[in-house]
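Note that the chains take the letters A, B, C, D, E and F in the order they are written out, and that residue 1 is the start of every chain.
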Amino acid sequence: MRPDGRASDELRSIQIQPDFIIHPEGSVLISVGKTKVICNASIEDRVPPFLRGHKKGWVTAEYAMLPRATPERNMRESTKGKVTGRTMEIQRLIGRSLRSVVDLEAMGERTLWIDCDVIQADGGTRTASITGAFVASVLAFKHALKKKQINRMPIGSYLAATSVGIHPIYGPLLDLCYKEDSTTNVDMNIVMNGRDEFIEIQGTGEEATFSEEDLARLLSLAKKGIHELIEAEKSILGDLVIEQKVGTNK
Amino acid sequence: MRPDGRASDELRSIQIQPDFIIHPEGSVLISVGKTKVICNASIEDRVPPFLRGHKKGWVTAEYAMLPRATPERNMRESTKGKVTGRTMEIQRLIGRSLRSVVDLEAMGERTLWIDCDVIQADGGTRTASITGAFVASVLAFKHALKKKQINRMPIGSYLAATSVGIHPIYGPLLDLCYKEDSTTNVDMNIVMNGRDEFIEIQGTGEEATFSEEDLARLLSLAKKGIHELIEAEKSILGDLVIEQKVGTNK
Amino acid sequence: MRPDGRASDELRSIQIQPDFIIHPEGSVLISVGKTKVICNASIEDRVPPFLRGHKKGWVTAEYAMLPRATPERNMRESTKGKVTGRTMEIQRLIGRSLRSVVDLEAMGERTLWIDCDVIQADGGTRTASITGAFVASVLAFKHALKKKQINRMPIGSYLAATSVGIHPIYGPLLDLCYKEDSTTNVDMNIVMNGRDEFIEIQGTGEEATFSEEDLARLLSLAKKGIHELIEAEKSILGDLVIEQKVGTNK
Amino acid sequence: MRPDGRASDELRSIQIQPDFIIHPEGSVLISVGKTKVICNASIEDRVPPFLRGHKKGWVTAEYAMLPRATPERNMRESTKGKVTGRTMEIQRLIGRSLRSVVDLEAMGERTLWIDCDVIQADGGTRTASITGAFVASVLAFKHALKKKQINRMPIGSYLAATSVGIHPIYGPLLDLCYKEDSTTNVDMNIVMNGRDEFIEIQGTGEEATFSEEDLARLLSLAKKGIHELIEAEKSILGDLVIEQKVGTNK
Amino acid sequence: MRPDGRASDELRSIQIQPDFIIHPEGSVLISVGKTKVICNASIEDRVPPFLRGHKKGWVTAEYAMLPRATPERNMRESTKGKVTGRTMEIQRLIGRSLRSVVDLEAMGERTLWIDCDVIQADGGTRTASITGAFVASVLAFKHALKKKQINRMPIGSYLAATSVGIHPIYGPLLDLCYKEDSTTNVDMNIVMNGRDEFIEIQGTGEEATFSEEDLARLLSLAKKGIHELIEAEKSILGDLVIEQKVGTNK
Amino acid sequence: MRPDGRASDELRSIQIQPDFIIHPEGSVLISVGKTKVICNASIEDRVPPFLRGHKKGWVTAEYAMLPRATPERNMRESTKGKVTGRTMEIQRLIGRSLRSVVDLEAMGERTLWIDCDVIQADGGTRTASITGAFVASVLAFKHALKKKQINRMPIGSYLAATSVGIHPIYGPLLDLCYKEDSTTNVDMNIVMNGRDEFIEIQGTGEEATFSEEDLARLLSLAKKGIHELIEAEKSILGDLVIEQKVGTNK
């Protein structure tokens, strides 16, 4: 029995509150159990210098935690004067994941800025950020469609992420909360699209290892969770996103 | 007539939601009109090196804005690698204001960390932060009382802050929203305690000036607003705070 | 009786030595008692990017202390790799104060750089910096007039600053030296122009408070001191500055 | 046919030159095709503060490239004043991978510093670094055994890493060189130990996706490559490492 | 004929004003022609960690220029967030030069901090800094003798520095002003003690070269200048310094 | 007898391995005894902003050490977030030295980047860097000639550097290894060109001094060493460099 009574293949309760902040083009507050992340998507009418004149857009992400998102207060990265390795790794992951479903050419020479700010953390902040960022991005592009900045939705698939892991006693688990995450040997973050394709697999067994059979069981759990997350996204986004291979994807 | 239909001596709608985040000892979401600030207060069982062994505590504050708290996206200070002058000025102001009502000796050798994170900005973020930080601090000390870390509430007065300014046409106004703030000549932030005493007066007339009469009118408006803010605080805090000169105050 | 024998409404001895350094367009050494600040004003033939093409100039200030301006040696900010909050607050104050009397349009697309370097500190370095910076700025514009870069003095008023405070025994005092400043409860910096108008009031009662009556007495002391400071400025600047509302002031 | 004539399941030529630099406790130059990395392992007789008194050691890694390891010169990170996200991600990966085979308790309160400096890059620098760092670490512990700092080899398994990817025309490939890496859709780095267990799987399909079947084929290729890399390690290390579950591994 | 009418072996006018700033233990304003440097020497009752318990002191120097010490305004190093290579080179030179005449053991476990702040520059700022820093240091130790912190003057020789160079037309010159320095091919800074011994020779012929004969002529000019500088020092310091090999010198 | 059995005027064994790294335009590994430096020279088709449009090139150098180039591990400068004073001093010296033999106009608007990375240190790393950088630079220009980017070799002289010092017992020594360097009183780095002219003399006697006779003996030793180093360069470079005064040299 898991600490919060869930079955091993059960997601935590998901809430996605759209239009959470008034200023961004797209904004959601996503709650996955006690983990809460404000995901804002901004559209800027220019691209970084290396892309100017290429008639395509760019997608980039930033991630941060409030100092008391966690049980112990963490020093702000602005006070430290630098961004930690963990933060950079997460924001690179969010950016790559989103770019896998965005048709950069259909965006025009614009940048989609994604800001994921964790206000309360209980494990799985990076996967909640990806799921929330996806919804915020669709809402931002919906706003751009309405303003006729673009003429079609430049997103070609649903996208969601979750974590899975192997507990020393209970075995493979879906959607780890912090307490589970800290006692679990193997930890894996999975990002998938709406066509059951993998975007990212990041599995690490620090001070532990895993076999091919373990891997198969974990991927199966993740797939189940991602199906449910995508259903939650669809209940908000309706038919804004239609599955199709987008132009810039190889 | 002000943009949002208020009278010149009318505050915006105030909401203070206690226990907003689960981890901090004290946490509120304060909304002043459309300005929304998460104020978390953390109690740490040690003091900075310069105070060790002095049998007294310390109060310090940090302030930040989410990148899309504002209509245009702002670069994160962690990405810039440094904290701006504006941020430092504000966090010094919040810290000084709180220290004016806290009995540092009654805290013991502990640090009260205040984190004010603006998630949505519409003018008056520094004064909303002070008001919210006050409530969060009382809640944090209430938590420390319950855990018997301290044996009496180390706060000796209510505390609240608001802004006032002089509009070129309508004259003196209370509680400026962003649109008013940007068209107003003189801008003043006032911090007062529950005994009608001033803690801070910061009045600046960039590209404008003000007379002694102007000053008197502005202070009178501010006093009215602060009375109402303190009523809002009392509706949440009940009788947790009793007005009295605290030990370390000169 | 104050430590140096002054009356409560008496300024320290003021000396303003013009043309102190040969390279800047305007340069003074200002001494206010034992506080000594080199104030240099430089005119640069361009403006920051955000003002380009707006046909107006910019005024910005920097402030620093030599490591041994103080009784204990302070680490250089260049060695620390960053500017402290106190320094930023002071340089923002100096810049805002000067901008209140400068007609930015009359400057043309130029930047007035003000550098205040405290070589010896005994309290009141920020107010001495403002007073010295004002004189250096007028001298710099005089130089620009002579070189026909501009065709009229773009300064529309005299400007000076002083500090006032409330001593626990002697009550309100004008122009605090360091020893007084460190034992005084309430500390206020006042900037005024030559027409008895306020530019800035920054009053703070860290670990203390003040009433409206206190405030009135402090402002009256400050006004007296600023009148005398402006007389000292006039003895150097003669009729270079004529009181008038300048164009860019609201 | 691959650019360098290899079969799809063929590693590039591997050379591991032990004792490359005279000062470190363990030092190798590893060449994987044209990719060359100096891997130095240093043993320091203390641990970071958070581990003091815990009677266990620590393993940490740093990674850098010479500016001309690449066809275009890259700016040094010391000149930039900060370490990039890519570098942090790689050094975290190297550190985690090594910790999976080291018995931290058997090390005593010591730190194993791993320095991977790429002097020539042609793809696969992070996986070559892990393989080289493993050999350097075993050599460093051999040195510590000889000096009687420790009394048994604190490494419980072989460890090696390689990359695999899916080419749009030729399909799954083992050990990508730079030219292949830049034209391949899906890129995966795999770290395994000497018992066919996974330590890390990092698969990313930026602007592409992959199916479960793709994944199975890639893992099979990786396993073949890692077997061969471990053979190369064994030819240098002889019987220094004996496969066994080590103490601190969960 | 040199720009300022000097003979080729003639120093500029030297003035050394002792007790320039009131707070430091030793303080001078040195003027060498139009070059003016405030040299402050501070004695701190502790040494850096690497020297603790070694019963000897330390001497370290910092150097900076005011932004308008030069004809064009220079950005502050605190604003840049880092100290330039030129500054570091100069402060290392000043520190090494002073250490060559100080008996570190006779200082006790104390640090002599030397701060050289150029307020007006016209060439030769680093050599003026060394000469001024020497006088400030002797005054600081005189102060420590008076306070009985030390029981003898820990300085064993006079010390002074000057620059020499080769002008394309006029040949070798002593004590280059800025205009000469910028048109001279070979530039050499020489530091000598009161016994005609060299402490430092730093000769550089950027975009030029020099022969052994050139070198001999330059050293001879430098020696003449340094004799005169030491006479100027003696007129201030009287018999405070007695020539003798000091203990810690090899 | 010196630690390694050399005569006092004997260089250590010199090896210069050309084309060490495949990517740079010029690349050598220079070994001077146990000191080993990778010297890469890169030609970039643009100049820094201050030189644009001047129809001449630029030469700049960077220097670093691997953390375990030394017996004790040194922290990386990228991890520290800044370049030390020692590094800056060395890279300025390398850059100046190279510029003394390069005809900047003959380069066209190009930058020659020199990267000296010490992989193993045993004294004399800066002089080995200069000698190695010279060879790498000639090779880089040879490559540019072959690609017809330039039409003649823009280097007008050979260039080499060595160190000399005075040992307390054995007197003047040529080419100090680390053990000698740390026990020697006076340390001097000499850079000369192929016409027996000095480029740089940097002599320092920290905690020691030297006389004119000492200087003469040291320069004579250095000259002998540099003749031999230039012979080693010639054996690699053949007749690529012809001695002649180059255009931009004064």
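The rule is short, and it goes like this: a contact is a pair of C-beta atoms (placed from the backbone, for glycine too) under 8 Å apart; a residue touches a chain by one contact, two chains touch by 3 or more.
To keep track of the chains, here are their UniProt names: A, B, C, D, E, F = Ribonuclease PH.
For clarity, every value in this text was computed on a predicted model and none was experimentally measured.
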Review point. Common contacts of chain C (Ribonuclease PH) and chain E (Ribonuclease PH)?
Key: none
**Study point:** Reference interface A-B: repeating pair among C-E, E-F or B-C with over half of contacts shared
**Key:** C-E
Review point. With chain centres defined as C-alpha means, what is the inter-centre distance between chain D (Ribonuclease PH) and chain E (Ribonuclease PH) in Å?
Key: 51
Check your understanding: Can you give the whole-Å distance between the Cα centres of chain A (Ribonuclease PH) and chain E (Ribonuclease PH)?
Key -> 60
Exercise for review: For chain B (Ribonuclease PH), write out the residues touching at least two other chains, lowest number first.
Suggested key: 81-83
Review point. Reading around the ring from chain E (Ribonuclease PH) and passing chain F (Ribonuclease PH) first, what chain order results?
Key: E, F, D, A, B, C
Exercise for review: Can you check the complex and tell me which residues of chain F (Ribonuclease PH) touch chain E (Ribonuclease PH)?
Suggested key: 82-86, 88-89, 91-92, 96, 99-100, 168, 185, 188, 193, 195-212, 215, 219, 248-250
Check your understanding: Which of the residues in chain F (Ribonuclease PH) come into contact with chain D (Ribonuclease PH) in the complex?
Key -> 21-24, 27, 34, 38, 40, 42, 44, 62, 64, 66-71, 73, 76-83, 87, 113, 115, 117, 119-121
